[in-house]
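By written order: A, B, C, D, E, F, G, H, I and J. Residues from 1 in each chain.
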C-alpha cells in the first residue's frame, strides 16, 4: 500500500541508483526540462498521465505508484529548516547574505510585490572557465505587484 | 560611539530615505555593480578606503562610520532563520522546493562538490513580457570539487 | 533619526491611542479599504506620496516618518512563529487544522498551483446573528498555476 | 491493529489515489460540505456512526478503521510549525502579514474577544475572472467576547 | 511617548513595588475579581474608562497610560514558549503530563469541541490543610462543540 | 518484544476503540479516579500489580505489557512543545495568558514557592448551565515554600 | 524607575566588580549560605527586609532597588535553553547524559515521584586532590511521591 | 542486524522489565557502581569485554549486542532539549535557576575553568528524614583551569 | 530495496562491530587517509567504483549498497543542530567560544573571504605528553576571497 | 555604569576600528598569543591585572572596564545556534560533516573520552601555496578519558 508521495520518491531513487540512470536522460524521455523532471521525480511536482506512465516504465513502478505521480504532492524537499548539506546550504547562505539586497533592488525597479516562485523557471548550465568551470543558474519569475484596494 | 556594523547600516538607511537616494545611483558613484553595492551598504560586504569615503559623502557619515565600512562585517541579513518577508520568503521557498533538484543536477554534471557562494556573482534584470514583466536573475558561482586525500 | 519602519509604526500607534482615532475613519480619510489602511499603518504595506502625507497629518508625523511610509517595508507583523495572542492564534489554528483540507480542495478544483497572497484582498464584516454575532471574512486570491517547462 | 487516527488517514489516502476518487463526490455521498468531509477524512474531525460506515464502504476500510473514524482525533494537520508547502505557506503568510490588522479591525468592531475557530465554517469557491480565475474563501466564526468577572 | 502596552505594565509594576501595593486591594478598589484585575494590570486584558482612571490614580499613571489601559492588548505573558519560572513551569508540566487525559475525559463527557479559554473564569484560594496548606484553583470554561456543516 | 511504555499505550488505545470502552468505566473497575486512571493508561503514571492485572484483562494485554504498566514511565504526553490540538492548546493559552497572574496571586498569598504538580489532584465535572454547559475543573496542589539555608 | 528584577541584578553586578567584592563575604554579612546569597543576588530568590537592607548598603542600592529585592522574581538565569557557557554547559551535559540514569535509580529506591528542586539545598566545596583539586557538590532534595487518587 | 546502540538499550530495557531485574543487582554482578552501570546499560557508556559478556548473560543478549556494548556510544539520553519528564526536569530547572550561581562560586574559588563532566563521579543515596526522606546526590568533578598561551 | 545512503551507513556500522574492524585498517585497504575513509563510510563522501567495491568486500555489502557508495550523499552527520555527544559538543563549543576570534584573525591576515570546507583536509594524531597525551588536529583549507564585481 | 562584559567588548571594538589597531600587535603588547588575546578581547577569556591595565591603555578604557576584563565572562560568542556568517559557518559545517568521523577516530586511538576544549590551544597560520594560499590551523587538546567507578 502506498499512502504518500515520499514512498514513490524512495522507489524512484532506489531504481535510479540500481539501474545507473541519469536525470537528463529521463528528462529527454518524457520531453520536459531536466530541472522540472528532477523536481517532479523528487516529489515536488506532479506529472500528467502520459508522463507518469513513461516514468513508471523507466523506474519500473507499480500502477499505484504511477497514480501517485499524478497527484499534487505536499512540497518541501529539505529535512531541516536550515539545510545541512554543503551544496544546498550555499544557496541558503546566498538568500541569507543577499536577501535584503535582492529585496531592495527588485523593489527599486518594480515597486512593492514579489518575484513569483510559481510562475517560475530555472536553468542550470556549466560555464567553461580556464580558472575553473562555473555553475550558471538563470532564474526567471514573473513580478507580481501588490495592489491596494 | 559606533561599536558594530549594524549601527552604520541604520545610518545609511536613514540617510537613504531622508535624501531619497537610489541604490543604482549609489553604485554608479562608487563604480561597482548595484548588487555588490547594495549588499555592502546593508552590512554584508566591506569596501576599500576610496569607496568608503565616497559612501561617507553620499550618506553624510562620520569618519568613524567610514572606518567601519572598511572592516569585514559579521554577515547574515535576515532576522529569522525562515524569513517572514514575502519577497525573501519566495527565495527561501525556491531553495526548499528545488534544493534537492539543484543538488542532483550539479552533481550529475560536475560530481561531488559545491557551487561557491564566495567566488560568486549575481545580476538582477527586468525582462519585458507582454503577460507581465519578469525578474531575471543570473547566478554564477565557481564549482569547487571535493578531492579525496 | 528614523532608521526603520518599526519606529514609524510605534509613532502611529502612540498617536492613535493618544488621539483616540479609529482605523475605519483613517481609511476613509485616505480613500482605501480599512484592511489595507490598517495593514499599511502597522508597517506591512507602503503608501503613495499623497496618502503618506495625509497620514502624516492624521498622526502628526515628521517629514522623515512620512518618507518612510513610502518605502516598501520588511514584512511580518508577529513577534513569534506561533502567535501567542488568542485572536491571532485562532487563525493560525485554522491554518493548522484545515491546511491540508484547503490544499486538497483547491488542487481538486484548479490543479497544482497556489492561491496568491499578493494579488489578494480581504474584507472583514460583522454578521448579525440571534445566537451571537459572527465575524465574516472574505478572502479572494488569484489562482496561480505551476506550469511545467 | 490500528492504534491511532493517522493510520486511518493513510488508508483513506491510499484508497483515494488507488480508486481515483474526488473529495466533492465523497462529500455528496455522506451529505456534508466538501470542507468538513475532507478535514474529517484527513484526520481532523470525527464522524457519526452512519457517516463512518458510509466512508468505510467508499474507502474499503476495516471495522476497526471505521470505529476510529468515530473517535475525536488529536488535531493538527501540518508536519512543521511553519508550513513548507507553497499553497499552505501562503495562508500562513497571510496570517503573518495581516495578523495584527485582523486583530485591530475585529477589536474595533467587537471589542475584546476572539473569532471562534470551533463555531466556524469555511466555504471555498472558484470565481471566474477574465484576468485569471480566483479562489474565493468565506470564513465565518462566532465572535466570543471576554467578559470580566 | 507610550507606544505599546508593555510600557504601561512596566510603569504599573514599578509603582506597585515602590508603593508596596497588593493586587487584592487593587481589585477591591476597581470592583473586579483579583484574577481579572491582575491579568489586566499585567497587560493581558483591557479595562473600561472608569476602571482605567481608577487604576491611573492607584498607580499614578499619565493620561496616555490610562488611555492604553482601555485598548485591547497583544496577549501572551511569558518570555519563552516553555516557561523557565518554577511556579509557572509546574502549570506547563500539568498541561504536558495531563493534556491528553483532559482531552479524553472532556470528549468522553461532551463529544468533540473545546473548553473555552475566553468564556472562562478562574478562582485561586488557599485551602487549610494540617499536612501543609494547598492551593486550590477552580477553572470554569464554557464547552464549545464542533458542529458539522 | 516490548521495550518502552509507548507501545503499551498504543495497545491500550487500539483495544479501547476496538471494544468501545469508556475511561470512566475502566476507572470504576480498578477503583481509582477517572483522571488518574486515564493518565496512567495514556502512559503517564504507573499502576500497582493488582491494578495492572485488572487492566490487562480489560484491554487483553500480554503479561509483558502488564509488567510495563508497573514501571515508572518517561512522562510527557504531547508531541510538540506548543500543542497543536485545539482543546489542549486552550489550556496552554490559559497558562500563557494567565501565567504571570497565577504567579503573582500565589506569591501574594503564600510567599515564594510553588504549587506542586506532584502532590496534586484534578477533578473534571460537567456544570449544567442554561447558556451552554460548562467544563469545571478543580486543581488542588500542595504549596511548597522555598526556604533559605 | 526600576520595573523589573533584572535591573537590580545589573546594579548589583556593576557594584560587585567596581568594589571588588566576593560572594562569600556578602553571604557572611547577611548570614545565609553562599549558594543562597549568590542565587538571590543574581535575581533568583527574594530576601527579607533586613537582608535586603543590608545588601542595599553592601551594593549601594537605592530604596527602590531594595524594595525589589523583597519581591519574588521571575526565575531562570540562563539566556538560552541550551547554555553556551562551558562551565554551565557541563552541568547541562551531566543532566543530558545521566538524566535517565538518575531517573531509574531514584525510582528504584523511592518509587514514582520526584526529587524536589524547591525543598532543596546545595553545597559547593573544594576537595584537595594531589592529581588536581576537585569540585564537590552535594545536592539534597526532599523526595515527593506521586499518590494515586 | 543491530546497527546502533539504541537497539541494544531497547533489548536491555525489554529484558529488565520482562525478568524483573534491579539496577543495583546488575551493578553488583559486574562489580561497578550502580550509577555507572545504569548509565552504561542506558547507552551512555561502554563496557569492557568481561563486563559486556556478563551483561549479555544477565539480559540474554546475542553476541552482536554484546559486541555493541564494547563500542563507544553516541551519548545523550534525552529526547528533547528541555526534558518533559518531571523528575528529570527538576534537574534541568536546578541548572537553569542555579546555573549562574554555580558558575560564580566555582570561579570565585578556583578562577576560570570548568568542573569536568568526564573525570566525574556521582553517588545517589537515600537520607532518612522524619519530615520525609531526602535524595542526596554527591557530584565530584575535577577542576580544569583555562591556561593562557 | 535501499533507497538512501543512511541505510548503507547502518549496514557498514553493523558489519564493523560484528567483525571487529578498525577504520585505520579499512583506510589502508582502500588507499585513502583514515579521515576521508571514515567520513565516507559514515555517509558524508562518495567513493569511486574500485573503492566502493573494495568496501563492499570488507563490509560484505550487496551490489545495491555498493552502487549507493558511488552516489553523492545528502551530507550532515549529526542528529541535532547542537550536538549532545560530549566529544562532538567540545568541537561545537570551540566554534562557539572561538568563532569570532577565528573570523577576526583570518580576516586580519587575508582580508574578506572564507577558509574552504571543501578544498580542505584534516589530520588527527596522538601527541605523547607526560602530563597526559594530547589529540593534535591539523586543519588545512584554501582561502577563498570575496571579490567585488 | 558597566554591568556586563558585552559592554566592554563593544568599547574595545569601537576603539579598535577608530584607532585602526591590529589584534597581532595588541597580542604582542600584552605578551600572549594572538588567538588568546583576541578571544579575551571579544569577551571569552579573562585577563590578569597587568594585562587588563595594558589593554586599558591600548583601548582607552575606564577603570571600571579594566576591572571587568579581570572577571570570568559568560562565554559564547555567536548570536545564533547555527552561525549565519559564512566564515564561521564553514567551521560549523566541518563539525557537522566530520563530527562523527572525528569521534570515531579519537575513540579508535584513545578509547572513550573527549578532547578537551579547556586544556586546549589553537594556532592559525598562513601557508603559501601556488594554487592559492591556505589557512592552516593546529588544534591541540588534552585527551580526557572516562574512567568507570
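General observations
Operating definition for what follows: contacts are C-beta pairs under 8 Å (C-beta built on N, C-alpha and C of every residue); 3 or more make two chains touch, one makes a residue touch a chain.
The chain list, named the UniProt way, goes like this: A, B, C, D, E, F, G, H, I, J = Cyanate hydratase.
In this text, all values refer to a predicted model and were calculated from it rather than measured experimentally.
Common neighbours of chain E and chain I, listed by label, are G, H. Chain pairs E-F and C-F differ in how many C-beta pairs are in contact, and the one with more is E-F.
Distance from the chain C centre to the chain H centre is 53 Å, each centre being the mean of its Cα atoms. We define each chain's centre as the mean of its Cα atoms; on that basis chain E and chain G are separated by 28 Å. Chain centres here are Cα averages; for chain G and chain I they lie 41 Å apart. Chain I and chain J have centres, each the mean of its CA atoms, that are 24 Å apart.
Within chain J, contacts with two or more other chains are made by residues 35, 74-76, 78, 81-82, 84-86, 93, 96-97, 100, 103, 107, 113-114, 116-118, 144. By the document's touch criterion, interfaces exist between A-B, A-C, A-D, A-I, A-J, B-C, B-D, B-I, B-J, C-D, C-E, C-F, D-E, D-F, E-F, E-G, E-H, F-G, F-H, G-H, G-I, G-J, H-I, H-J, I-J. On chain F, the positions that touch chain C within their shared complex are 82, 84, 86, 89, 93, 96-97. Taken in their complex, chain H has these residues touching chain J: 32-33, 35-36, 40, 45-46, 72, 74, 100, 103, 107, 111-114, 116, 118-119, 121, 144-149. On the side of chain D, the complex with chain A involves touching residues 10-11, 13-14, 17-18, 20, 79-80, 82, 84-86.
Contact residues of chain I toward chain J in the complex are 22-24, 34-35, 38-39, 42, 44, 75-78, 81-83, 85-88, 90-110, 113-117, 120, 122, 124, 126-127, 129, 131-144. Within the complex formed with chain I, the chain H residues making contact are 1-4, 64, 67-68, 71, 74-76, 78, 81, 117-118.
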